[in-house]
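The following pair of complexes shares a single chain, chain A, combined with chain B in the former and chain C in the latter.
Presenting the complex of A and B:
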């Protein structure tokens, strides 16, 4: 008797909740898809507009349909931006500055974070809090003193000055993030390395850094993006008389401000595209690592 | 290979907590010493002090004939196996094994030789090119062992190396560890909270509690003559049964009386335990190992000198080869601080259900042929030669050679 009833009951329970569950999933899935579509449009529309604009003429740009295709795909605007507005030079400058400052940020940031996360000593907490308090320090507040300091140091209008300031501004978040990350790594691996005969330095560079790779990559990308897009600091630290030292953001802004009435909008868009493309490429290459880096901390 | 000597070793943490308190221990050359105790007894701290991962607050540790108090871990010539394996995740098995040797600037051919040798010994040859993430738990454990073996150190230190493995693997790894020690003969200090592991692996076992050394002896001696209630309750599974009892002597000879039972105490016991006669007429704590019981039916024939007691089986746990019979006796449970500490294995939540009221629940391990069922009245026989007597106040074993004069 019982065996007669059982299959019926089980088939009922197995079939009934299923559509209900997927139904509920559909509502949420649908909503989230709508949200994602809106978000994608918000992000993609300006980018496409920028890229298309780089191929248009000024008249076309002010036409009715911003997403209309240009008459012909010419590279005139790109050439003007590269040669006349020196975007090429500025991009090389920026790559140089960002590469060095990101490297230094990661080197010092990870070393500081490791020590703060792993060693107990007097003042550990204080140093950590000092770093973290840097997070709440707005860039604007320091512009005037920074300018004065750099001038006194003779570093105004030099890339060294910009790099130093970039490193200083990137360290707080880097240290904050990496300290938390190093704390999630098992202590026994470091201890095993010590037993194997590693010095503290070697333990850090050969054992802990490779283990922290996901975290290091995501924070590196974060720093590269932040420093690549930095505008305010270069304007202050690389004034107009050091035009050959300018960074890409300054160069782009200069296109729109220097032309007066007859602005070269297509050139501006071309310059913008040139600034966006390297960042996009970096992001696409490291996309997987960025995601894994952001989630590993949470998983452990 | 070398002996390890700890003399009056203290570990005091910030805040004044004494994790290890005046520990004296001599681990002989080639010996397998197991440190065992409940969580927080200081066994891991002691091991980490030998390793050099923790500072020594007081006392002296020497390995071989060197005092190592101020030597960094790498100069102590020891290798450690960690509970969570602590393999380098970005290196292959081969690189993991070779890492310590490379740091010691050993010639490449020698490294290669040692790695191959260890890999063959541990059955890791086909995994040498894999990374730890692609290995199973048991394989990772073997790599961790291999990393210690290739170093050919003075001593191995092992911090609960088997506790992350599943039960079956743990048993087989235990056997492999035994063989390995047999073969290499390296002095080994092994930390575990599992008393079965301690009994099966150790040449000698050191029982710790709250940072204090309780007893160091061979597993069999620990089992047969525990120094106090704590060791008696901690070693052996199922653990020893305790009851308050009175020691009497009348025309029929000495006897111990508890819960309506009267067990004669043979004269040989008084000879073995000097000072026991002073307790006649006084209250003591009686301890009986579950293995010193037998079902009177199954024990037919060899029960000479054994005493019969009738009990009612509440629960039976059939293990195939034997049956654990749980029964209540009409006496309040012994609540000495030592017995509580021995039962409490660190997990505060792990208290047994209070189903027995104010009666003590005893366990008898009987032969599987007994066919006893829950609720049945059966007659058990007790080997009265193996009774244990403890002082009610101090919890010390009466007549134990270490306790004479204490």
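Presenting the complex of A and C:
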């Protein structure tokens, strides 16, 4: 049905706009603005409330009006969350793990993807399908055997173990996306370099990787966010007796569950704020790249 | 090769291929593929973790599954989430992305979004970059059952009694679905916006000139031309409906409560393995989850397949 309309489109009409419709359109426009504003409040308010909560006392938080502003802005709760609840430590751990594992994911992922996209050899298709099939299995299926394997290797409760697992489980998507990306790059530049005596390895690192930058950036963002936000793998691979190795998501979930009645709610809100603020800053700076990185990821 | 021996160039090529594939393949093969294969194997045993001491018990773990009330409760919850969550998310996201891209009517002969569309997209998308575990903790505070939660104190202000969002067994799962929708909408607004912006503008302009109202524009033009993107969105949300682990584990009362009213399969897999140390049973749950997800994906792609509209 839509196709019926299309032929009309390009021919004569599109250059001359009609005057805008009035009446019903404006009511609709007004209502739609209300809907948009309401959803914005639904998104922003809980986050602002959390930030404010980090400055409140327990009486303010549980008093008659939990929506009120805090009486004075002190940073005690932030200090407690950073030091006593170890949020500082968890943050440093997470930065370390995600930096190393994203770097390795991108390195190994682009190496495999490049070879699979650019070289013909026996087993190419098979290896590609092996990587891509990883996309269709839920991690939960591998949970029990993975834990047993890591235990036998002595890697349970270590960052090395988490990094290896993050890299391995990020490879299917990274290889899948980058293979498609390397296929879109022109072959002539790489071939010219090879003619000039450039080795395969040098051609890859000095010519093909810089050319693949847009794709690499999208997938790096995808992997950084995915690994930063991981919750399941840390709680499985870094159990309770490795508390000094914990990552940010499990640290915060733990404050909230272990809290109970003597809960330091302001401390919890400060911890939450500390987890949200860096993500918020990175998001505001890179929102365009993040949005396109995540959505192109989904569309491929 | 023609001479029956490998030339140095060919050798170099194969050496290069092998050296680039070795590490990724070993990592992936060992930590991913081998684990999935083992999962199927362990699901047929009574493994409790001490590796040599297990024996094969055939399909006992699977038959045990079908007699288990918690299993069926979890399956029912996935069914509900699968019906409600993608539907609500897609409906809301479509509505917003339509407003943001085309809702402004015509400006200088071009279709435009409402003013401030860029701002709304940035705000709506933000929950997507937060960790689900963080969102869980956040909503635990917001939804507190007494008057101190944000929602309940707002209700109190207009004279409504506090609602036990997460403690009422009949309400808890719906609350969790609501939080899932809250987090997912922005992503699909951006995804559908990208889809809409790839539809040639003159299609809309022509229709608008022919007197098509906003509703016609939406249902008869945007929706059919957006079908591919919608399908992707549906499959993604459907697969997400079989997860829900982090949110239910962090947000719900007693991890899947009250009284198993919100439990989901991934949570039970985790509990069976790491609280009860029944690795064989946990893997059987995992295999069941795998087949459910697979069935969903195949069915969706089958049912929703239709002619591609080229433009």
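As a working rule, the second predicted complex is superposed on the first by the 224 of 300 C-alpha atoms of A that agree within 3 Å, B and C clash if a C-alpha of one lies under 4 Å from a C-alpha of the other, contacts with A are read in each partner's own complex, and residues count from 1 in each chain.
Just so we're on the same page, a residue touches a chain if its C-beta (ideal position, glycine included) is under 8 Å from a C-beta of that chain, and two chains touch if they have at least 3 such contacts.
Just so you know, these numbers come straight off a predicted model, no measurement behind them.
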item	value
Which superposed partner A:232 touches (first chain B, second chain C, both, neither)	second
Touching partner for A:39 - first (chain B), second (chain C), both, neither	second
Which superposed partner A:267 touches (first chain B, second chain C, both, neither)	neither
Touched partner set for A:253, first chain B, second chain C, both or neither	second
Contacts of A:214 with chain B and chain C, given as first, second, both or neither	neither
Partner with the higher number of touched chain A residues, chain C or chain B	C
Contacts of A:157 with chain B and chain C, given as first, second, both or neither	neither
Footprint overlap on chain A, comparing chain B with chain C	none
Chain B residues within the chain A interface of the complex	51-53, 72-74, 78-80, 82-84, 86-90, 99-100, 103-104, 147, 151
Contact footprint of chain A on chain C as seen in their complex	12-14, 16-17, 19-21, 23-25, 27-28, 30-36, 38-39, 42, 47, 49, 51, 92, 95-96, 99-100, 103-106, 108-109, 114, 116, 120-134, 136-142, 146-150, 153-154, 182, 185-187, 190-191, 194, 200, 202-203, 205-210, 213-214, 220-221, 224-225, 229, 232-233, 236, 242-243, 245-246, 249-250, 265-266, 269-270, 273-274, 279, 282-283, 286-287, 289-290, 293-294, 297, 309, 311
In the complex with chain B, residue positions of chain A that touch it	186, 188-189, 191-198, 202, 207, 210-211, 213
Chain C-touching residues of chain A, taken from the complex the two chains share	1-3, 5-6, 8-10, 13-18, 20-21, 24-25, 28-29, 32-33, 35-36, 39-40, 42-47, 49-50, 53, 61-62, 65-67, 108-109, 111-112, 114-116, 119, 121, 127, 130-131, 134, 136-138, 140-149, 151-152, 164-165, 167-169, 171-172, 175, 199-201, 204, 225, 228-232, 236, 239, 248-250, 252-253, 255-257, 265, 268-269, 272, 275-276, 279-280, 283-284, 287, 290-292, 294-295, 298-299
